[in-house]
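Two complexes follow with chain A in common, the first pairing it with chain B and the second with chain C.
Our next item is the complex of A and B:
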């Protein structure tokens, strides 16, 4: 029971790292809190649902469409909302209000479009993709079904979403540390005013980071029907709160901290489900309060300054 | 003698005029619904069922109200609580104190009804409880509540528990696992299953018994823990979203429990089939509700006619037909009967009129029967099993034996 909970927590936590990654990137670069993050995730989930329902497109195929599509949406959205916000006296606080409003609008419009009932994509769809990839690596056909890890079996969809999460974290790191744009992004994260003074086009860098953040939320959304059971237009708020807890645990503004926060959240959640199941949903709030009291900068807080 | 007759006629005509003048222009029905959030999928069908009746009655010139001896149009005052109990509490107060509704109807489900119970009682308003079945709502000292359209949660699982303890041991069911969402609706059912099994002395034992928050959306670890307890039967008690996530996780984990019970495959069948497809629902045990079983009626539309009316009116609204649709319409039928017999709109007179229907009214939801606390005990929930028949799922009634139309398939192949 303990080993299973730990491994399940690791897989579950990696998925929540993916959810938190975009939120943290936006906060790190712009110092604003995107309370509509969970709603962009929900939109990504409905995009995957819609692509599957209308075109029978496997969710793996929807990942690229979701990322590119939502990144493109994110760019004009940045120019529409964020520069004005950053001119305010307290942009961090105002961002709460503005993005809360945006969250409400997104939820209402999605409800009109899709209704209020739960929607899902059949569970074996991601499993098929995992089986195809596994067969490719093994050189022979691999039977579909749950995946065995260290003697324990897990749904193939969990493994697929964990691989995608790991891949996304890696790509964000490569972007931040191996590309010129990433270098400039880190400069803005470190000190926005100094970056402006040295001639960095801060708005261009921030807009791309904003787009990537929303794109990552949409990618997480593609996997949501498999990890969160079903999707509804109202799911965004709860997801945002958990993602916020994850990035505060790790450290606001530090992508590596998000991975750590996600894993801590995932493992703690699964252990709670095993041993004190009635209290499991209190966990994000308890961890949030505990971290804010003990280490307000998050577990990897110092790294923010050195980004 | 002639003078006396003229005087009597004048008096009668004056009384009638006065009564007509006192009659309100409309009867205000106040209710809440959830257009978003966790309970939207059980709230909107109930709300739509109620609205269908209101539109029908208003098209006929209103509903007959005995207190004024005439038909009076109905006005629905409905607010959206968005599945939030805090918002619901404020809005219930608003319906009573600001809108001054004549009849107070709760939102669907025990969670959103729970906040209405003390508010209605404090304001001495009769709460027309549509589907809030938590057993704690009904107490002998509170006359301001009556449950319309669902049996109280403490008797929902009686056929399930009876099957497990009577037929179960013969089939090889000796170890039962219970997983439930910790809210009034499913928590009460879990208590009842536990009690029925323990009191049966049938040798059936509970080997796993855990509650989880209603918001739970991932069951993989819990399923692994249940499997470790080696149960012969697994009883999962949750709302529709819980059942969808739970059954998906069962399928994705490759676990095959020999007996698996969930509430919503038989309750919101269209919704569950849309989300899960046939595979995960095949061989699942569930309640046979009135959206699946046609009961003889003595008032209102029978199931087939109501289902057709529903699909005609709401076919393109993305709200699925199910037990909750029937529940909203059943509430309306009880209200219609009460308004047609109550001598005034006084809340306790309305209560008396509703209680007078107990044991006599038969709707598409089954026989209407209340216990002295206002809890519904007439509309029972037989146990059934979903079995793939060609390319569609058929719900076979298993228990009680007098209603059964098939045998259980155990263990699941």
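Our next item is the complex of A and C:
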């Protein structure tokens, strides 16, 4: 029971860090709060659902389409909304309200387009992809079915989602620390004014970070049907709160702290599920408030507030 | 005539008079009652958001705490409604006191933490394990004290008191101090304003208003579920009404509530998703183009809007 909870928590935790990663990147670079994050995730989930239903496309293939597609949506959205916001008196608070409005618009449009019914993708779709890849590595066919880890069995979809999440986190890490654009992105995160003064094209860097953030939300959405259960247009709000809990635990504005936050969140969620299941839903909220009060800058964070 | 008295006569008296007379000529009393509740909530949010700049996304938590404070007194102690209403107010204030440490956070962190706190309270209240106390997710029924006339009148009294409070804030040193803190807490502190104390007073007043509104709401509808009184929609409506009309004014939130809740009842109930779309687009437009609300149009022409 304990081992199972810990391992399942780790699997979920990696996925939760993927949920938080995009939100944290956007906050870290622009200091704006993307309250529509969960709704972009929901859109990604719907994209995966329709790609599967209409073209029988495996969710693994949907990942690339989701990332590129939403990145392309994110760039113009940045130029439409953010530069105007950053000129305002209190961008952080206004962004909060603005993106809340955006989340309402997205949710409403999705509801009008698809209705409120719950949708899901069969879990074995992702499992099939896992077995295919595993067979490739093992050199011989691997039987499909649940995956066994340290004597515990987990649905293959969970394992696949968490591996993909880990891969996404790794790619973001490589982007931030091994590419020139990533270097500039970290410069903007560190000190926006000095980055402008040294000639960094802050808007270009921010727009790309914004696009990546939304793309990551959509990628997380592709796996949502397997981890979070069936998808509805209204699921975004709860996801946004979870993402917030994760990045606040990890520390706002520090994309790598997100992984720590995600794993802590995932493990404590699973422990609660196993031992006090009726109170498990309380966890994200209590954890969020408690961490904010005890250590407002997060576990790995620098100070974010002065007054 | 001092400004305070003039504003009381020009705003509170007409609003109360209209809502006292309307039930005689218009049959949908629940709708009128909801108008009163939303005006009260919008003004309550105005007290904390308009005057201190803190936007509590979990404002509905106080409303729900009030509703459950009222219900628990009536269900378990058979308290008379007005006593239960006092407990509703107390419940909201206790919750607000518990949440005062949230002021250590700024801007968006405060909002998110407050929302999380309100959702946590909802999870506790609606937990099936507490069915013996709160009736859990199955909802509350208060048939014994059902009295639409008296509860309507009480709601109107709460609204009048709230309006009077906002008028006082508009025209007093206390309100001015709050606005100074909102603009720049450090300078306000240097000017001799006790930043923490004034902020907490505004916070408690704001929670008190929501608690009273929640208690009266529980009394009037008398049958409700936890999701009803903790619905984040209450917060959202209140925020939009305040933003639309204009924060830190007396008339702005009234205008916002009357116009937008009117539209909501015309189109929102039959097709909620279209209404959500209009709302979302409206919020975005307001933030981008009219961040100070409708009344700022008048203020731009040099009209002094109370």
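One rule holds in what follows: the second predicted complex is superposed on the first by the 301 of 307 C-alpha atoms of A that agree within 3 Å, B and C clash if a C-alpha of one lies under 4 Å from a C-alpha of the other, contacts with A are read in each partner's own complex, and residues count from 1 in each chain.
As a convention for this text, a contact is a pair of C-beta atoms (placed from the backbone, for glycine too) under 8 Å apart; a residue touches a chain by one contact, two chains touch by 3 or more.
As the structure is a prediction and not an experimental result, all values here were calculated from the model.
Peer 1: Taking chain A as the common reference, can chain B and chain C both be placed on it without clashing, or not? Answer clash or fit.
Peer 2: clash
Peer 1: After superposition on the shared chain, which partner residues are touched by A:73: those of chain B (first), chain C (second), both, or neither?
Peer 2: In the superposed model, A:73 contacts neither chain B nor chain C.
Peer 1: Between chain B (first) and chain C (second), which does A:273 come into contact with in this model arrangement: first, second, both, or neither?
Peer 2: first
Peer 1: In the overlay, answer first, second, both or neither for which of chain B and chain C A:157 touches.
Peer 2: First partner only.
Peer 1: Tell me which partner A:97 touches in the superposition: chain B (first), chain C (second), both or neither.
Peer 2: A:97 sits against chain C, while chain B stays out of touch.
Peer 1: What is the contact status of A:281 with respect to chain B (first) and chain C (second): first, second, both, or neither?
Peer 2: In the superposition, A:281 contacts both chain B and chain C.
Peer 1: First (chain B), second (chain C), both or neither: which does A:111 touch?
Peer 2: both
Peer 1: Return first, second, both or neither, reflecting whether A:230 touches chain B, chain C, both chains, or no partner chain.
Peer 2: first
Peer 1: Give the one stretch of chain C, out of 164-172, 218-226, 236-244 or 290-298, that collides with chain B after superposing.
Peer 2: With chain A aligned, chain C clashes with chain B through residues 218-226.
Peer 1: Give me the intersection of chain A's contacts with chain B and its contacts with chain C, in residue numbers.
Peer 2: 107-108, 111, 278-279, 281
Peer 1: Touching chain A in the complex: which residues of chain B?
Peer 2: 34-38, 40-41, 44, 82-83, 182, 210-213, 215-218, 220-222, 224-225, 228, 240-242, 244-246, 248-249, 251-254, 271, 274-277, 280, 317-320
Peer 1: For chain A, which residues are in contact with chain C within the complex?
Peer 2: For chain A paired with chain C, touching residues are 33, 81, 84-85, 88, 90, 92-98, 100-109, 111-112, 237, 241, 244-245, 248, 252, 278-279, 281-282, 284-286, 288-289, 292-293, 296, 305, 307.
Peer 1: Please name which positions on chain A make contact with chain B in the complex.
Peer 2: Against chain B, chain A makes touches at 1, 4-5, 8-9, 12, 107-108, 111, 114-120, 122-124, 127, 145-146, 152-158, 226-230, 232-234, 238, 270, 273-274, 277-281.
Peer 1: Would you pull the chain C residues touching chain A in the complex into a rising list?
Peer 2: Residues 53, 55, 101-102, 104-109, 111-113, 115-117, 119-120, 123-124, 127-129, 185-186, 232, 236, 239, 243, 273-277, 279-284, 287-288, 291 of chain C touch chain A in their complex.
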